[in-house]
Every structure is written in C-alpha cells, then in structure tokens.
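Common to both upcoming complexes is chain A, partnered first by chain B, then by chain C.
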Partner chain A sequence: MGQYIVRRLLWMVLVLFLISVVTFLLMRSVPGGPFAREKRLPEATVALLNKKYNLDAPLWQQYTSYIGDIVIPTVTYGKIKPNAAENYLLNVPLPAMFGDEAVLRWANFGPTFKSRSRSVNDIFRENLPISFQLGLAALIIALAIGMPLGILSALKRNTIYDYLGMGTALMGVSFPVIITAPILQYFFGVQLKILPVSGWGDIQSMIMPALALGFVNAAIIARLTRASLLQILGEDYIRTARAKGLPERVVIIIHALKNSLIPVVTVVGPLFAALVTGTFVVETIFGIPGMGRFFVTSITGRDYPVIMGTILLYAFFLIVTNLLVDITYAWLDPRIRYD
Partner chain B sequence: MARSRKIMRYMLLAVLAVVLTTSGVLRAQDPKIVSSGISMVGGDLETIDPGLAEASSQIEVINQIFVGLTAQDVVTAESGLGLASSYEVSEDGKTFTFTLMDNVPWVRYNAETDAVEEVTDESGAVRYVTADDVKYGMLRSLNPDTASPYSYVLAPYVVGATEYNAGEGSADDVAITVVDATTLEVTQPDAVPFAISIYGLWMARPVPQWTIEENGDAWTEPEFIYTNGPFALKEWAHDESITLVKNPFWPGSTTVPQAKLDEVTLRFLDPGVQFNEYLAGTIDAVQVPVEAIDQVKADATLSAEYVSGGNPCTYYIGFDNTEAPMDNAHLRRAFSFAIDRQSLVDNVTKRDETPAQWFVYPGLQAAPTLETNPDLGVKYDPELAKAELALALEELGLSDVSELPEIPYAYNDSSNHGAIAQAIQQMWTDTLGITVTLSPQDPTTYFSLLSEDAPLVYRAGWCQDYSDANNFDYDVFYSASSQNDTGFVDATYDEIVSKARTESDIDVRRDLYAQAEQILVVDKAAIAPTHWYTLNLLVKPGVERAPSVTGNEAYYLWDKS
Partner chain C sequence: MATMEQTSNTPVIQISEKKKGESLWGESWKRLRRNRAAVIGGIIILLNIIAAIFAPVLAPQKFDRTNLPDNNATPAWVTQIFPNMKPKDQGGYVTISEKYPIGADNLGRDMLSRIIYGTQVSLLVAFIGPLVSIIVGLTVGMIAGYFGGATDNVLMRLVDLMYAFPTLLLIILMMTFFRTSFASPEPGTISYTLGQLDKETGGMILIFIGIGLTSWMQMARLVRGQVLSIRETEYVQAARALGATTPKIMISHILPNILGPLIVAETLTIPTYISYEAFLSFIGLGVNPPTPSWGSMISEGSKNISSYPNQAIFPAIALFLIMFAFNFLGDGLRDALDPRMRGRD
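Let's turn to the complex of A and B:
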C-alpha cells in the first residue's frame, strides 16, 4: 500500500506538470491580454506593464520562470518588503548558522495583474479558507440529507417513503443553485429578514449558501445511494447473510451499506474537490469572498497567474481526493488490493 | 440617619444620570454612519493607489482620502480648489504657481485608540502635506517603472513628462518645481486653460513617499497607509468592503469641505445583491440593477427613494470609416438617422437617459448643451435616413439593399449591450431594410479586437477622465488618438479641436466644439451617438446624498439626519 501511494504521488507530479503546460498554452492562445480595456491604455503603457510582468519575454521563458518560482526554493536574508512579486506560500526561518535572518521560502505562485498589492498566494491564504468552510458545510449537508434519504428509499422501495424521497431528490437535481439560492435569499433575507442577505463570517450567514449548495448535491447522493443499495440488496451474499440468521440491522449496515458505498465515494471525492475550491454562482449570489469568483474572473480578465494558480489548485485537490477515494475502496471492499 | 440620607441623595443622582443619558439629553450625538454600494461591484477593489487607479470605483475611494491641488466641484463640474489655497497662471498661460494650504497633515487611523491621528516624523513634529509630496506623487505616476495606467492623461500637461514617462527622458527635466514647502510650480508645453483640472486628477495627487519606499506595493493596506483627505482608511476587508472614517484634521477647502459623516462603509457587492440588501434594510444607498428598474418605478416606497442623475458617459455605435460599405458617409448617416433614440431609452435601457445628439457629454466644461445648441447633431428621422440610404446605394452602384454585403454589429456580451443591439438591429431593419448580423463577444476579446481592426459596426462608450469637452472630442477622435477605432480622419475637425484646446474663452470653445461635433456626427457621421448615461440610485430616507454630476459620489458632502 505504501509503495502504491508513493507511486501515485509521483504520478501526481507528472499530471500537474502536464496540466500546467496545457493550461499555459491554452490561456496564451486566447485573444486579448490582461491589459485590454474598454478605455484603451496607450501602447507605451501596455509595453511598460508587459515588461513589469515579464510578458514580453519568449513564451517558453515565461513558463519556465513561472514554474521555477513555484518549485525552486530560495533563501532570503533580512526583512523583505511586502511585495506581490515576492510572496511565498511556505516560509521557514532557518537557524542562525545559515545567515542573518535567513528564511527558506518556497512556492511563489506569482502576482495577480488585477491588483498590485495582492498575489495569488494571498488569494490562497485569504479566499480559499472561506470557500473551504462553505464547501465542507455543503458537503456535510449533502451527505447528512442524501444518504439517509437514499437508504430509506431503497429499503422502503416502491412505498410512499420511496416516492417522497425520490421526488425530493428529483426536485433537488432539477433546481440548480442559480434558482434555489435567489429564492432562499429573497424569502429568508429580504422578506422574513431572519438571515443576512449576503456576507460571510458568522453561522447565520453560512446557513443559506450551505443549504443551497448542499441540497443539489444531497439529491445526487440520494439517488446514487438508493440505486447502489438496491443492487447490493439483490446480491447472493445478502441472501446468505439473511439465511444464516443475522439480524436485519446487521445485514443492512455491515453487509449491504458498506458495499453500496463504493459508487457514492467515487462521486463524493471529486465533489469534495469541486466544492471546497469555491463555487462561483453561490459565492456571487451571496456576496461571499471565496475563491469561486477567481476561476471565472481570471479567465475573462486574462489574469494569467491566477488562471494557472486556480487550475493547479483544483487539479491538486482533485488528484489528492481521487487518491483518497482509491484508498477508501480498499477499506470498503477487502477484495481490492493495490500491491 | 444622616448617612442613609446621603446614600439616598447619591442614588437619586445616579438614577437621574441614567435617565438623562438614555433619554439623550447628555448623550453625545449618535455617530453618522452610512453604508453604500454605489459604484461598487462584487470582488475586490483592485487598488486605492492614486498612481495606479483606473476604475471609477477606485477613483471614488481615492477622492475621499487623497486631495490634490485642485478638485472637481461635483455639482457644477468646474475645477475648484483642493489642497491649493490659490494659484496663479503666468502671462503666457503655461506656468501654474500653486500655493498650498500649510495646515493639512498626513493622517492615519489608529485601530488601538479607534481614532484618526496626525502623523509625526522622527523628531515628533507633525508631517504636513508639502509641495514635495505633490511633486513626488506626480513624478511617481510618470515614472516608467511605476507603469501607471493613467500617467498618459497627465503627461501632455507637464513639460518633459511625456519623454520621462516613455523612458526616454529624465525626471530632472520634468517641469515640476518645488519653490518652497507650500509653493509648487508646474509648466505645460501649450497654454491649455483646463490643465488646472488635470493637476487635480488622481494620478497627480500627493502620496506619502516614506511609507511607499518602506512598504512597497503593500503601502495601501490600512496598517501602512497615510492619507490627507476628508476621510481616512479605517478598514479594508478584501473582497468584502472598505471603511472610511472622518479625518478631523482635514481643514476643508471650498470644494472639498470637512466631512459631515463619521463613517462610510463601501460594500463590494454586485448590483443584484446590493438591491436585495437594500430591500432587507441593511444598506443605505445602492445602484439600481438594470433588471430591477421597472420594479423600483412601480413600487410606491422605492420610487420615492429613487434618485436619478447625470453620469458623464456617452454610448455610441462606431463605424469602420475605412472599410466598404461603411466607408460611405451616406450609409453611415442613414444608420445614424434611423436609430429611434427616444424609443431606445424609453423601452430598452429604461434608465431615464437622454437621447444623445452628439458625442461630448453636455455637462462638461465647454461642451454644447441641449439648451445652448438644441438643434445640433443627429435626431431620429426615418425619412432622412431613407433618403441618405438611396444616395448611398447610388454612390455604391447598387440597385437594392439586398446587394449590400453582410454587415456585422459587434458588441461585448455584458450588461444590456445585447438588448440594445437587438433593438437597434430591429430599427435598421424596419427603416432601412438592412438586417445587420449581431456578433456578441467575450469582453476582453472584444476590446482587443477593437484595437486591432474595428468591426464594420460596433458598440462603444466613453466616460470622462476630467471634466472638459477636450476629453471627448480631442482625446478620442483627434486623428492621432489611440482611442479612435473608427479610422475617422478629418483635417478640419483636427484643426477645430486643436484650436479649442488652447482657447481661453469658454463661449468660443463651446462654439468650436459644436462645429467639431457637426462634422463628427452629421457631416461625416463617423459614429452614431445613442444616449448619455444616467446614474440610478436608491437612497434611504434620512441619508442626505449630495448630488454629483461627475459619475462619482462625494461622500464628504453627504449627511445623515
């Protein structure tokens, strides 16, 4: 297993590298640049800005210097000015023997062209945790509603419980957040005034966005859980378990449910990655200062380092959660072995 | 006995004190706090650095915390005094000598004491804003290393600045001279009278050199920033809001008086979210989102709180004057006369805009207005449009409009540009029988397309940088302007707007701009202006918004009762 994980992590490096190359080439082939404005900047000004951000260098050089800033650690001495161009994710103070105030710095994801005083690392540090909280809350809601609903529907198949449960799920799948979120906002925020319309910070402000985001995914999970559990309940080993006289509770929880979770886990992994890196629609509607906005605005504004940063971050989360999913398989189904 | 009476007396006093305080007799006046979303959108404010700002939301914040030599009067649009208490112009009209107020300190908000405090230097003396600070601010914007996006607006009005800004000259050759701590001399190459308003623009404001040198790009964060205007920066919650607090040390000038409000929070929310917050009663002033205009006007409460005012921007349809068939002036005129502008603002944009008869916004200095020049420019005239179309077809050697090549109408697919494009497309079909092909584009792609090769027909807009007709007619459509995408070149037009630039008599200037507009929108019909923008706001009762014609809010004039 250990060997397998190491192998997968090495693959991750390769995949991230390939994603970075493809993203870099794709974004640079789209017309328009970061300094295209409705009110045009003079060519001389654009030239100055391009020079400042190294955008006038050959493409391969821009790529290597970008990747170099991320992967190659540097050591700085003394205090460095707070500066968007020198903002590192990891800063490890070194012992005095290495020099005066020596700090090992690593992972500079570059500036954002939209703001001189902030960097991509600032976005990771300040906006990502907010999206992470929201995504996690939504995922917990999705699982807490979706799984019991799916199990109930499967166990009480073709009864009123099943129809009600699946009816709710169908509604959840059919109403995207772009509809549910404004409805919630208008009803609870504007009309009843019991929850804040927008913002982030306290529990009250988390309720509506987490619910809106959680409900859609609860529906997906409910349908998946039901289908999977129904299939497992028809398996021979369930009949065997019942035949040998195990109580129904044990049959369901130990034998059926655990095995039926494999498809659910497969979906929850990538879902987790998507939710915690930010969701544009919900964050925009509820004015949440999360990361979701940057996935969209970086592309429309051709903010190259932010495009690279957000995509690499998402890819990283996706790969890691998929690895976790694979490890979970082995636990859920002892027949799965990776050695 | 005596002792208990004494206690009784104290208790009575205590009760009286409580009653008086809670009833408000002894209580200090409630702080006047306002929250607003006007001019703001979702996301973060990209910068509040005067040398780097480009968007009106950024400039709006800068106007509250940094005051320059001069300041625009938000009611008359004229240039008034800011940091300068007076100024003199040399006889040749080229050198401006400013006398600065000597009692404007640099201030910062101290979070520990919750108060704005004057900044002192190493010796403990208060740091006042000096001529050196203004010079530093101007030179910093002009410095090519700063890569200031708006230095090009200032550069033509200072001798040596264009060369320095282009990286070809030296800072020493830029004609900004500090005579003494409160006297600054600026010399421009031509005798342009409105240069006075340029010297007060955001990229020419004083900035605190010592903190910029110490803290680099992060100097605009609340812990490092020093400001001089009517408000100071209290908090900047990135991606959420910015809070400004009254600076009691700003002495006030005639144009920028002391603030009446104690605190203003500007929240970065998209218009739709702002509107919902407003309905929930959690924000005091907002812009009305395009889709909510009908709702606001129909609602008894909201329509009473609705405020509409001028916004110095012009919406227009540009034509590629150099490419067939739009290189034909008759055809361009036909397109322009066929736009029913009143119907467009009544039925499509619905924001109480004024149909635009010409390009320059009428509220600007020296610009013609509907009162001074009611018949200038273009108006909807279907008969004239058809007549012009017939002339165009004759010149093009075509017998019918069906022989015209396909004409695309390009626009950036955001805001209500799509709805406007569809309406105008329909008007052209109805009046001229020409159906253009709508071509919506991603905004960034669109803006770079315009700079490379403008489409045959495209949408565009222009908002003021400074309040003078020159900012429209000269800065955009002078033949050599980098903003001129139409390819329109006219020697007479160039001559008129150049002459108007250095003319000092405002009536003569207005007349010159009227002549220039006649060429631009009628004779040559290089563009078809459609409407002049408005600002559409909702303001809660009790909040006294100061009217502003500049497109920016002046919170230092707001009050709350």
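Let's turn to the complex of A and C:
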C-alpha cells in the first residue's frame, strides 16, 4: 500500500507537470494578450507592462520562472511587507537559529494582470473558501438525498417506490444547474420571498445555490446506488449471510451497503473536486464571489497566471481526490489489493 | 450467434413457442414501445425536430427582429402566472402587449420565436456532438485495443491525461482559441474557411468541434475494452487466417459487433452535450448573437429574474423538456437494446 501511494504521488507530479506545460502552450497560442483593450494602449506602455510581468522573455524562460516561483521555496528575513509580486501561499516562521525573523515561504502563483494589488494567492485565500463551503454543502445535500433514494429503490425493487424513486432521479438528471437555478430563484426568492434572491454571507443565501447544485448530483448518485446495490444483493456472499441466519438489517447494512458504495465513491471523488473549486453558472446566477468566475474571466481576459493557477488547482484537487478514492476502495472491498 | 446463446441460456423453449422469427430489432422496438416514458420522450424529440425544421414557418417573427419600444412587453396571461409582474394599469411596471405570445425580451425580440429557433442549436448539438466524439473515440479506441502493446499504453496514458484536465476549462480554453484564431482575415487558408463556415452557422461548427474533442475519452475506453475481447474471438482469427487485411478486419468484422453498446452509451450522453452547449452559450462562448440559444436566453433572463421571470423560466422549461426527453428515451433504448442491463438476474 505504501509503495502504491508513493507511485501514485509520483504519477501525480508528472501529470501536474504535463498539464502545466499543455495549458501554458495552449493559452499562449491563443491570439491576443492580457493588455489588448478595446481602446488601444500606447506601444510603450504595453512594452513596459510586458517587461514588468516578464512577458518579453523567451517562452521557455517564462515557463521555468513561473514554475520555479511555485516549486522552489525561499527564505526571507525581517518583516514581510504585503506585495502582490511576492505573495506566497505558505509562510512558515523558522526557529531563531536560522536567523532573525526567518520565514520559509513557498508556492508563489504569481500576480494577476487585472489588478495591481492582488495576486493569484489572494484569489485562492479569499474566493476559494467561499466555493469550498458552497461545494461541500451541495455535496452533502447530494449524498443525503441521493443515497437513501437509491437504497430504497433497490430494496423495494420493481415496486411503486422504485418506480417513483427512479422516475424522480431520471427527472433530476434532466435538471442541470442552469435550469434549476432560475426556477428556484424565482420560486423561493421572488415569489415566496423566504430566501434572498442572490448574494452571499449567511446561511439563508447558501440554501438555494447548494440545492441547485446538489439536486442534479443527488439524482446521479441515487441511480448509481440503486444499480450497484442491486448487483451486490445478487452476490453469493449475501446469500451466505442470509443462509447463516443473519437478520436482514445486518445483511443489508454490514454486508451489502458497504460494498455497494464503490461506484458511488468513484463519482463522488471528481464531483467533490468540481464542486469545491467553484461552479461558474451557480455563482453567476446567485452573485456569489467564489472561484467560479475566474475560470471564465481569466481565459477570456488572457490573465495567464490566473488561468494556470485555477487549472493547476483544479487538477490538483481532482488527482488528490482520485487517489483518496482508490485508497477508500481497499477499505471498502478487502478483495482489492494494490501491490 | 443464436445457437451459442441458446446453449448457454435457458429460455430456449420460450423463444421457440412464443416468438416465431421475431428479429432482434423487432423485439427491441416492441420493448421500447411498451416503455411509456421513453415514448413520451420520443414524441417530445419529434416535436422538437419538427419545430427546428419548420422554424421559419412556425415562428411568428424573425428571431433577430428587434423592436425597442416593445422591450420586455408581456401578454396578460403571463402576468397572471407570475403574480409579481404587475401590469402598468394596476400600478406596476409591465407593459402589456398581446403581440408576443409569451413575451418579448429586453430588446423587444419575440421570445417564442427565439425558443423555436433555439431548437435548431440544441438538436444539432445533440446529434452532431456525439458524432464527433464517436469518430475520435472510435479511432483511438480501435487502434489502442487492436494493436495493444506500446501503442495501447501511449494512447491510454493520453486518455488518462485528458481525464485529469477539467473538461469545462478545456472547452473554454479551446473555444477561446478557436474563436480568436479562426477569425483570421486572409482568405484561402483553412482557418479562414472554417471561420467563415462557423460564421454562416452562427458559431455552431466550433461548438461541435470543441465539445467533441473534449468528450471522446469515455468512448475510447469503451471501444478499447470491446475490441480487446473481440479481437481474440474465433471469427476474427478465421478472418485473419483467410488473409483479410487489418483495416478490413477492423471495419467489417469488429466494428459491427461493438456498435450496439456504443450507440447506447452515446445516447445516454446526449443530454450532457446539450447542457454543455447551454453552458457555453451562458458564458458567452457559444453561438454568436443574435442566433438564439436557450443557454444564452437563460443567461440574459436570469439577470432580471426579479422583474421579468418569464424571460428565464420559459427557455429553462424548453431546455428541461429536451433534456428530459433524451434522458428518458436513452434510458428506454438501453433497456430495450440490452435487457440484461436492467438487472433481471
């Protein structure tokens, strides 16, 4: 297991490296630059801006200096002044033996071109937690609705409960956020006036976006849970468990349910990564200051460090959750071994 | 084929006494017709197809005809459904006009006409999106599965890498790339032709390419798995022994036998393509305005949902109906074509 995890972590580094190269090349081959405005900036200004952000260097140098800023840790001495160009994600104060007020600093994701005072790390610090909260709430809703619905449908298979449950789930799959969001907004916000139409900051304003995000995913989880539980219920060891006289409750909860979670865990992993790193549609419709909009505005505005930062962040989340998913498999099903 | 199945399965007697000479497709068709939800889905899709083809006849107005004095005009019945929309003569803000069956948008364009024309975009994406992903996924999957070894390894690692990319981000990046680089002004180049073609279709060609190129991985994995098992079967070995060439074996011996699961898998992903298009149009990278897309209509409408909810809700219902239809029809098709999937055990 330990060896397996190490191998996976190495693969993760390789994938992140490849993604960074591909993204870098792809985004730099898109015509237009970060300073292309409708009203043209003077030639000299653009040249100065390019120089300031190191955009006049050869491409490979830009790439290596960008990655170097992230990967290579530095140590600074003395008080840290807020500075958009030198904003590190991790700042660890070192013991006095290393020098006066020595701080180990790591992971500088660079400045944002759109704002002189903000850096990509500021976005991570301020906007990511908002998306994270929303995504987590949505995921909890999805699991809380989806799993019981799927379990009920599987246990009461081919009864009216099953048909109703799966009908609802199939309806739910047809309700992407882009549809649920305006309908919820109108119904609860405008008509009943019990929830704020948009905004962020308190529990009430979180309910609708989390519901909109959770609903469609609840439907997916319900269908998966049902299918996998049905398959498990037909296995030999379930028959054995029943034959040796275990109560049905124990058979279902201890023997069947745990194993039927595998496909569910498989989708929950990437889902978690997608939800907590921000979702553009929900955040736009409900006016939530999360990460979502940076995924779109950074690309349309050619804000190179923000593009790289958001894509690497998302890929990092995705790879880590996939690794956790694979580790969970071994716990859920002892037959799975990683050697 | 038939004899093989009969020896391994029990219902031999049932088949011979009840269903004489019923073809596989005929039986599937019967099963599909018995599924009420799938039939309703099929009817909705049919109506949508009719709406898309006859849009110029059916739509009361041209989709891009703006009429600024009539902006946000709403017929009386809509204000009754949405009680917060108070008409002007009752002390509200809504201009009542019966000229527009379900209302006009903020530029005074007829919403019903725009929704009817919007079916064209959604349906084209629903049918051509899967086609692009099948072409790419089939090619990659067949080559990886058939040749195996290092080729397989390289191609499947590529698929793994693509999976690690966030799909939506990749689409946004690619769409931005396409939209700006194909706007090239020199005639005669390929990118110019593509750009012109895209302009003619209201920006749809690039959506097909963008969506197709980012969603072929699942197809490639599916095809590879199928090819891996089929290339070892006796009839493929026999074909090889008879001297059939590799392309011949691939196209006329392997392809027909993997088509079934392929079609089922693609039908089930059609709603995803529709929602991708809606998403792209929502963020402004989809169809070019003024070509109507339900995604961009929802995006526009949700900006003033408090005052004119009809502008977002009606396109949302249209989008829901077609997603619903494809989901239920896809589900029914799967059950009909592959009854084992129902888990009868």
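In the analysis below, the second predicted complex is superposed on the first by the 337 of 339 C-alpha atoms of A that agree within 3 Å, B and C clash if a C-alpha of one lies under 4 Å from a C-alpha of the other, contacts with A are read in each partner's own complex, and residues count from 1 in each chain.
Note that in this section contacts are C-beta pairs under 8 Å (C-beta built on N, C-alpha and C of every residue); 3 or more make two chains touch, one makes a residue touch a chain.
All values derive from a computational prediction rather than experimental measurement.
For A:K244, select first, second, both or neither according to whether it touches chain B, chain C, the two together, or no partner.
A:K244 contacts neither chain B nor chain C.
I'd like to know which partner A:L318 touches here: chain B for first, chain C for second, both or neither.
second
Which partner does A:V197 contact after superposing on A: first (chain B), second (chain C), both, neither?
both
Where does A:R335 make contact in the superposed view: on chain B (first), on chain C (second), on both, or on neither?
neither
Applying the document's definition of touch, where does A:P42 land relative to chain B and chain C: first, second, both, or neither?
first
One more residue to check, A:I285. First (chain B), second (chain C), both or neither?
Touch status of A:I285: both partners.
Touching A:K79 in the superposition: chain B (first), chain C (second), both, neither?
neither
Using the superposition described at the top, list the residues of chain A that contact chain B and also contact chain C.
In chain A, residues 30-32, 185-186, 189-190, 197, 284-285, 300 are touched by chain B and also by chain C.
Touching residues of chain A toward chain C in the complex: what are they?
15, 18-19, 22-23, 26-27, 29-32, 167, 170-171, 173-176, 178-179, 181-183, 185-186, 189-191, 197, 227, 230-231, 234, 274, 280-281, 284-285, 295-296, 299-300, 307, 310-311, 314-315, 318-319
State the interface residues of chain A toward chain B in the complex, per the touch definition above.
Touching chain B: residues 30-33, 35-45, 48-49, 51-52, 81-85, 114-118, 122, 126-127, 185-186, 189-190, 193, 196-200, 284-287, 289, 293, 297, 300-302 of chain A.
Which of the residues in chain B come into contact with chain A in the complex?
42-44, 46-47, 49, 52, 54, 144-145, 147-149, 151-152, 165-167, 214-221, 237-240, 267-270, 272-273, 276-277, 279-282, 412, 442-445, 447-451, 460-463, 482-483
Can you check the complex and tell me which residues of chain C touch chain A?
37, 82-84, 160-161, 164-166, 168-169, 172-174, 176-177, 180-181, 271, 275, 278-279, 282-285, 295, 298-299, 301-302, 305-306, 309, 312-313, 316, 319-320, 323-324, 327-328, 331, 343, 345
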